[in-house]
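Naming follows writing order (A, B, C and D), and every chain is counted from residue 1.
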Amino acid sequence: MKKFLNTPESVLADALAGLAAAHPRLDVDVEARVVRRAGAGRAGKVALVSGGGSGHEPLHGGFVGTGMLDAACPGEIFTSPVPDQVLAAATAVDQGAGVVLIVKNYTGDVLNFRMAAELAADEGIEVRTVLVDDDVAVTDSTWTAGRRGTGATVFVEKIAGALAERGAGLDEVAAVGRRVNELSRSFAVALTACTTPAAGKPGFDLPEDEMEVGVGIHGEPGRRREKLGTAREIVAEALAAVLAEPVLTGTDQALVMVNGLGGTPLIELYVLFNEVSTQLAAQGVTIARSLVGNYVTSLDMAGASITVCRADEQLLALWDAPVDTPALRWGG
Amino acid sequence: MDIALARHWVQAIAVAMDEHQDRLTQLDSAIGDADHGANMHRGFNAVLATQVSYRPDSVSQLLVKVGTTLISSVGGASGPLYGTAFRAAGKALPGTDPDPAELLAALRAGLDAVRELGAAAPGDKTMVDAFLPALDAFEEEVRAGGDLAAAAARAARAAEDGARATVPLQARKGRASYLGPRSIGHQDPGATSTALVFGALATAAAR
Amino acid sequence: MKKFLNTPESVLADALAGLAAAHPRLDVDVEARVVRRAGAGRAGKVALVSGGGSGHEPLHGGFVGTGMLDAACPGEIFTSPVPDQVLAAATAVDQGAGVVLIVKNYTGDVLNFRMAAELAADEGIEVRTVLVDDDVAVTDSTWTAGRRGTGATVFVEKIAGALAERGAGLDEVAAVGRRVNELSRSFAVALTACTTPAAGKPGFDLPEDEMEVGVGIHGEPGRRREKLGTAREIVAEALAAVLAEPVLTGTDQALVMVNGLGGTPLIELYVLFNEVSTQLAAQGVTIARSLVGNYVTSLDMAGASITVCRADEQLLALWDAPVDTPALRWGG
Amino acid sequence: MDIALARHWVQAIAVAMDEHQDRLTQLDSAIGDADHGANMHRGFNAVLATQVSYRPDSVSQLLVKVGTTLISSVGGASGPLYGTAFRAAGKALPGTDPDPAELLAALRAGLDAVRELGAAAPGDKTMVDAFLPALDAFEEEVRAGGDLAAAAARAARAAEDGARATVPLQARKGRASYLGPRSIGHQDPGATSTALVFGALATAAAR
């Protein structure tokens, strides 16, 4: 296994200690596995907490800061956090105005956050949950665990975070988060598998001329295997899947992310973004705002996801609002 | 089952999860995210750690504690599911040492809680596919007048068979369901760890 | 070759078009291969131009913007730009106060930028060149092409850019750039080779349990091959090499970068940074400021570099000055 | 050498760089950054493109133009070096068609310019190690009364030999020098492309 680590067991603790050392404006409790903004919170502000398995950095710890999350609770690699951990985070950041939990739709995340929400309610904390399920590679049916939560998480955290910063109430913040999720769809392809420290070898083998189409962010194989296409073909396929969603029909302006899965260099992401931009323009969609980079990763997987959010002026204004976190920073 | 036996069971589970950690990880790597081995290992290590100084009044209390510990140490899908199973089973037990029939009823309560929480039906390629046949076999043996050791041994074999029988299934719950038909041909990691749980019960009961 | 691209020949043009689409505040001339700040420059401001081969993104195009570069000229993959291109960039951004060329020390870069500097001088543009050569893996002797320029380039561009923004004169800006370079040293290790689109296969094979020590950022093998060590051991070796440089003796506070080479996920960079932080502390060095992420990459190479700059208050103040580029953004 | 022959030379170089692009890339991949094939290919393609409508007055002018085009289209180390070589050679030629001795003197001027710019000595594992022996062989043949075709053919063979002789050398200039002793055992890409340049001269002169 080719990784920079001390032992597979200590990766998370070491990385959290590194996060703490690199970002003095984060308050990182390595023991409790809670990352929160340093300093006292603003009384009366709705708090945002997110979390999930580690291995998706900068998600979620890198999005803690003014204008975005109040706290993140990172689980073990690809393992959702435990309820106590989420509760500790919620308790630490609640300012009396309640806590919005942003949860990616995976069985483990849903169950652990649900238990945490119950514990928090028992302690008198008002909680709302926003479930993110944007991945169109998985159909949402009673025969599956539903669509997965992937790239749209960044949009939800940024936009709900901005609204909370403006002083909006608990239900309002949760509602905007849900709306962003509802208006967002993602699709990903992988060129290689990733290697978890625990497994020590790649999750699957992929011949030199093939790609996995419709992958998630946990190293699992995709929905199918195809011959590796050109950037143009791959983007066409991803956009066709994303734009086929009824909720995106008639999109005229969009918030778009081309996201690397961890092992893909930026130059390739720009090649993809150029295709996305050209192909969306040909379909009458204007890219109002965009992100190109590694935001929701899958350890060292070579691959990329494309997320499109149908945006209106309210969402764009919230997107533009100041944000100051390790991984997203503007305005101010 | 008395408290000492319950303790042996839990210890045997921890030993099994340690021995089979890599296998569970590799199974989860094929159709999941390669963490099931580490999850079970971490969880039952935590259980062992709490047991050291823990003096429960009853098997009931002990199993509730096991469940609570799993919930607060595992994470993932398996943490809440196994944790709830042990908690519900513990809560369903009387305050006294349960006889095999009482244990069976408690384990049924555990399974019901898992099914309620995870909404998995038999055949969905989950831990339910080992859990349910294990309890059916346990029940048959108890009905036939078998003791705990006999019932546990049959349950363990049935759980093993149930886990193996997940191979041809297409997953409909948990993250393996994302693979659609590509989940076929692989054994479910959670069903496999459930077989280890019943194997450990058989080991403990046979002592 | 597992890459997102259309054709190997079009990677650069496609990526530049993507860069333009993603960053409206950049003015990208895809034809002339010049990336510059959109809008008119400030009269009398010293202009900063850098460039080099592509494949190191976000370097240099991602560092164009307020407080950093005025223009970047990206060459083909791993190929320094041609003199005409550098001249076009310098001409486009000169505000009458002269242009500082920031050049990484490679024969190709040095020769092409030198020719460009002569052409610019012929056109009446005052030019100063800052040569970056921070890589301690290569000894600086008359028997080599000298030390390579790697991670310190980011420090030089940021700090010189801040001073230029403050209105300093040409010689002053060049001097601070040279001082930053002089006070900075880097060391890198690689876990895998990278694949250039032109070659289509990795530059070297590396067994599963070995690493290349002392690599550059062009996919070349390192100075030697070693058994893969722990993060702790790797950082110890890198820091020993870096801190052995006489100029770093007695460093009490430092500007530190742990930089991914393109194929290494952020979680591993944080594991490395934790080691850097712990080990520097043990040697009495305080990390005053830091960067952890992908800043100077080598396509899809899995690996990391560590750069230490001995910093004083002047340099730190310039480091903290506002910067607004695609890849670095703060203050404001 | 007249303008037509000079044109044929340049065309033959372009053909050779096209044919050998992958080989040059692979050589540069081993001890450099895998761009020498693409660099030479791009450069001489650009040269071909400028030649289409270009009507020089002399071989001198033509070679200067080749050099200028290389400088503004190649980049990397090889662009300025080859560009300077052609420019210096062109400038050293008389305005009339050069005889072999005049061509030799001009090529010497080209080599001198390369050495001045790149500071490489013979044995440093660079293009100089093909360039220098090629000119020495060329000179010997001219001294012996050989014509251009004969001199070019000997120069081409010597350049080939020189390129091959870089294999055991340790690089002391260019990016291969970063490898230290690990640069030993590989043929220098720039010396190899220089051999192609002289091979093309031989081809053109033999027509």
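One rule holds in what follows: a contact is a pair of C-beta atoms (placed from the backbone, for glycine too) under 8 Å apart; a residue touches a chain by one contact, two chains touch by 3 or more.
Since we're looking at a predicted model, the values are computed, not measured.
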What survives as touching clusters without subunit C is A, B | D
Computed over C-alpha atoms, the centroid farthest from that of subunit B is that of chain D
In whole angstrom, the CA-centroid distance of subunit B from subunit C equals 54
Distance between the CA centroids of subunit C and subunit D (whole Å) is 32
Rounded to the nearest Å, the gap separating the Cα centres of subunit B and subunit D is 74
Among line, ring, star, complete and other, the chain touch graph is line
Chain pairs that touch, by label, are A-B, A-C, C-D
The subunit A residues in contact with subunit B across the complex are 53, 75-84, 106-108, 111-112, 115, 137-138, 143-145, 148, 196, 198-199, 203-204, 216, 218-221, 223-224
Touching subunit A in the complex, subunit C uses residues 1-7, 11, 14-19, 21-22, 54-55, 57-58, 62, 191-192, 208, 211, 228, 230-232, 234, 262-275, 277-278, 287, 290, 292, 294, 297, 299-300, 302, 304, 329-330, 332
Contacts from subunit D onto subunit C in the complex sit at residues 25-26, 29-35, 37-39, 42, 71-81, 117-118, 172-175, 177-180, 182
